[in-house]
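Please see the structure below; I have some questions.
Chain nomenclature is as follows: A, B, C and D, assigned in order of appearance, with residue numbering initiated at 1 for each chain independently.
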Amino acid sequence: MINIGIIGYGYWGPNLVRNFSEIPGAQVKTVSDFKPDLLAKVQARYPKINVTTDCRHIFTDPNIDAVAIATPVSTHFHLALAALQAGKHVLVEKPMTVTSEQAIRLIEEAEKRNLVLMVDHTFVYTGAVRKMRELVATKAIGDIYYYDSVRVNLGLFQHDVNVIWDLAVHDLSIMNYVLGTQPYGVSATGMSHVPGEPENIAYLTLFFEGNLMAHIHVNWLAPVKVRRTLIGGSQKMIVFDDLEPSEKLKIYDKGITLNGNAESVYQMMIGYRTGDMWSPNLDMTEALRTEGLHFIDCIKAGDRPITDGEAGLRVVRILEAATQSLKKQGQLIELNLAEVAA
Amino acid sequence: MINIGIIGYGYWGPNLVRNFSEIPGAQVKTVSDFKPDLLAKVQARYPKINVTTDCRHIFTDPNIDAVAIATPVSTHFHLALAALQAGKHVLVEKPMTVTSEQAIRLIEEAEKRNLVLMVDHTFVYTGAVRKMRELVATKAIGDIYYYDSVRVNLGLFQHDVNVIWDLAVHDLSIMNYVLGTQPYGVSATGMSHVPGEPENIAYLTLFFEGNLMAHIHVNWLAPVKVRRTLIGGSQKMIVFDDLEPSEKLKIYDKGITLNGNAESVYQMMIGYRTGDMWSPNLDMTEALRTEGLHFIDCIKAGDRPITDGEAGLRVVRILEAATQSLKKQGQLIELNLAEVAA
Amino acid sequence: MINIGIIGYGYWGPNLVRNFSEIPGAQVKTVSDFKPDLLAKVQARYPKINVTTDCRHIFTDPNIDAVAIATPVSTHFHLALAALQAGKHVLVEKPMTVTSEQAIRLIEEAEKRNLVLMVDHTFVYTGAVRKMRELVATKAIGDIYYYDSVRVNLGLFQHDVNVIWDLAVHDLSIMNYVLGTQPYGVSATGMSHVPGEPENIAYLTLFFEGNLMAHIHVNWLAPVKVRRTLIGGSQKMIVFDDLEPSEKLKIYDKGITLNGNAESVYQMMIGYRTGDMWSPNLDMTEALRTEGLHFIDCIKAGDRPITDGEAGLRVVRILEAATQSLKKQGQLIELNLAEVAA
Amino acid sequence: MINIGIIGYGYWGPNLVRNFSEIPGAQVKTVSDFKPDLLAKVQARYPKINVTTDCRHIFTDPNIDAVAIATPVSTHFHLALAALQAGKHVLVEKPMTVTSEQAIRLIEEAEKRNLVLMVDHTFVYTGAVRKMRELVATKAIGDIYYYDSVRVNLGLFQHDVNVIWDLAVHDLSIMNYVLGTQPYGVSATGMSHVPGEPENIAYLTLFFEGNLMAHIHVNWLAPVKVRRTLIGGSQKMIVFDDLEPSEKLKIYDKGITLNGNAESVYQMMIGYRTGDMWSPNLDMTEALRTEGLHFIDCIKAGDRPITDGEAGLRVVRILEAATQSLKKQGQLIELNLAEVAA
């Protein structure tokens, strides 16, 4: 039985507590939050769970094996480091940290102590994203040409981070997992429409080796909610619409065919191919349950999780570089992700 | 009666001939194309119209008042210049020319000769776009925050121009007309997926003075067809979906409200406002008919058309700069549109 | 403070307990269910609520003022009658009873004892349905021509009642409330596709005085989920799509206009009118909360609820008659609802 | 070469002329219409086609092999009979005739003279309908449970026939072709909302042997346009949405599974199965071209067309019976279609 301590019972914490309470082989021992009224909710709902306003009680409890951290991003580094230094396995919310230096420090600490360090890139554990990964990895889509994602809605404006750190973090974690390859540079643009507040609209272009590119559009000030990703390949193309109650994924047997030789562009004939569309039935298990089971399995087997510290670091590096590019109105910022072990 | 000569009977020419044949006060006198089989179609359909494989017959005909040019973009400049020099009013397809220098030269020639020079930015004459212009101009939307447009589909790949010159030209002409203000710079990214061919996917960010920005996504290699524009304002927000058979325009009474003083960002409270949605009934007259009537009216009254040479030049400048930025992976290119008289 | 006893903690009971626990002026005193494991859930979630496997403890508790019944329909009559005879106000799930005789008996008992008898026609308390009622009642729609509703999905097959009693009951309660007038007859057709089981697909036509008609399509065996109602009026037409996350209600300024005199049908010219569409912002309060507040208000003020026993009886009469017509493959069955006091 | 005469150049006639002009092995020799202005359009567009205001010139022309009739339904019988008696093959618009007696008379005349008699049930020749027929005929859908179709929009009100004869005729011809089996009875309801005019809204239920049923909803007074058919089968279910520009057909691997024995309904367990969805690429050839080629092939080979006189008669019988049932507010009317040779 893996005993878990959970820090933070605000927006996401209740989902962690609920899921870890239902996962075989795990149990939630303690929840900490500095707001007593939130802890009262824990007690009413889960009488057997201990509560505390001081998270150090979790670090010092020798019966706690692992810690899940669901607090504001600015606190991730210190809490995760303290947990690792206390010998606990760690699951930390995304974005992993505020800087890539912090992320590297956590990775080193976990490796030194042989502890599991996992980042809660929840979408990676959905049936839709895992199916896309499979379709890409098995070459069912052919060579990948582009990845294009839109994630816009009205609200919730953040005061401490811009819309890239709040929304694009999802797309970047999905993109990295699905494509299985890393961009070498980013160009970003964006703007703030509230004086003194961070950017609420942003556009990112990611450049990869070869002829692959990605683009992400995020916006807190849109009249309609959109969650839509297009993946274009040489054989097939995918539309992923996460707002569809069913049929979230549609795979189109569409594309172009090239005829003729390359001696002259005018001899290159481009044909258009339109075939069937197919929408696979997806595993609808709650992502956080799948993810929690994976975390427990990794702890037990000493395995490295799919969304490990390096996955978290890669996303933080892109977020940093994108914010930098945004200040320079789209100038390319190089990423050097190759040095991060895959 | 205004007599019109039409050069080019390929994709768009037949629409010009049909509309000018039905507009009161105008008649098509001659159609030229270098393909005899296309001219045979004109004769079968419109026995009274003269046809010729040599467009110079149009320029030298003293009974022809105006010329409409629907040929590949590389020929626009020479044909339009010859028409103006022959004393004819000119309606030229978009993009107006290959370079801004050419556009300036045409504007000067038309001004010198007191002739109407109009660019066929067709969308500007649709009911939907004119309604958006009205909503923006009357401040019904409030201050404009952003303009975001997506125009993607499978095909039709062009060999001589990239996707920006083929598709974004529509969005730029709509954007300039609706916003009524000019961007000062552009950052663009894009890629080609066919060896030796121009870019088939591209993203443009346009920067304006103040906190207004625009973004355009164009793609010849998308599994689904999308034609969707969002306009965010301080009072209301617009969704324009041109593929909707009816209800193309939806105006959302949605937005944010700011409370508190600006001394501290943490004292700034952001509220979310959701009200009714309204979809105005639109004038469904064919855009080319409205445009053709406007061309004839301008010729008769000596007026400057809505989509005059300067409007065409502004779009060409942005297309040039965007292509330049695209080569530099998103680096900002300044536009200097202010010097183009509005 | 109104003390409430709730009988049945299966599918719907938890919603009743949750809402009545949060309504000012009410508190849930006791929950009964014959399954101890369900009662254990109540205790874990609401430690202050008493639980019992014997609902008679609710009837005999002098501190309980009102009883909410969320059990299978076959038990509604006996439980509601016992509650009324014990002097309790009653809120009973829909359909109110298995027969109209039972419904009449309950109405009489409640009237005799001056107790509130309310049927849980939940949809009547949604913002969308109340807005439709307002649009119809204020004649904003003009004269009503038809009411057409589709409620289909895959599952959940019932063993004891056919699809009319399970799904059409919603549409009938909405229809009666929105139209404010009663049908005089019903023609229904339907079929069972599982041997020995009740009908899983059915179509009902309701006839009203004048030229108003209604139609309801219900189906447990459909590949897609549809919840869509059309209301056609002489001035405007409504589309109510309950699966839309927002914009559930769209009001179209569309219709026909009649010109000429009625002497000859060939002199009657029919014109088509298309104007704006408008989607009003709706009150999104949970319907059961609005309904619970109304129940408490009626008890305190001695008022008759909107969905009173007569409303429940009218729906049961239509369900009875529709099932009868269905056996006769569409033959009209008269309803005699006029005798039910409005 | 088959020479064709076409009677009627109103709404549908121009489509017949255009298609038969482009079909190899056929040519349009003469077009007749009693309106000279319509004939002038024929001459302008097709200088080689003869025109006449007197359709008898078509019957008496020994060089004309076949006649296509696109006139109001009340004239179909006399024109088709005259054409057959003149020895011409006949293609007649739907509905075939005003009465089933007339349809039988035409069938007999054609058989006696060994001429092709074909009814223009255009939808039968679309790629979508032929694909549905294939899926049903090959049992890919399993046993068919129901066929449900909605065909509603605003306008075009007819003065001489009710909405069943105008719109349901399409659904009935599709249904008969796709299911390949005939209903034994019909129950219909409907209403007129314009004084003195035929019914503008109607609902038809068709009963078949076994547990198959069909339902058709037609309406000239709907705020939105809907063209949607559901087909439920034991193995799969189809959604056909004809307004979708692509993906008109979606096949859902969904349904129920039955477990347990039939001794007791309470031992029958119903499970729900949800698998992939698949949208086959469809032949997008214009239906009228496919149909015209078939007509010519049948004439040359002496074959019976898919939509022969019997197919037309079966639809007319259902239309007659439905109108009869409608007057009796849903009473079942038997059809006796078995006696019509399949």
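What to note about this one:
By definition in this document, a contact is a pair of C-beta atoms (placed from the backbone, for glycine too) under 8 Å apart; a residue touches a chain by one contact, two chains touch by 3 or more.
As the structure is a computational prediction, the values presented were derived from the model and not from experiment.
The two sequence copies chain C and chain D touch through a face in which the numbers common to both exceed half of the numbers used overall. Distance between Cα centroids is largest for the pairing of chain D with A. One simple way to say how far apart two chains are is to compare their mean CA positions; for chain B and chain C this gives 53 Å.
Inter-chain spacing, taken between the CA centroids of chain A and chain B, is 39 Å. In chain C, 274 are the positions where the chain touches two or more neighbouring chains simultaneously. On the side of chain C, the complex with chain D involves touching residues 145-146, 148, 152, 154-155, 157, 159, 185, 187, 189-197, 201, 203, 205, 207, 211-213, 215, 217, 219, 221-224, 230, 232, 234, 237-239, 250, 252, 254-256, 258, 262, 265-266, 268, 270, 272, 274, 325, 328-332. Residues 44-45, 47, 225, 243, 245 of chain C touch chain A in their complex.
Of all residues in chain D, only 246-247, 253, 274-281 touch chain A in the complex they form.
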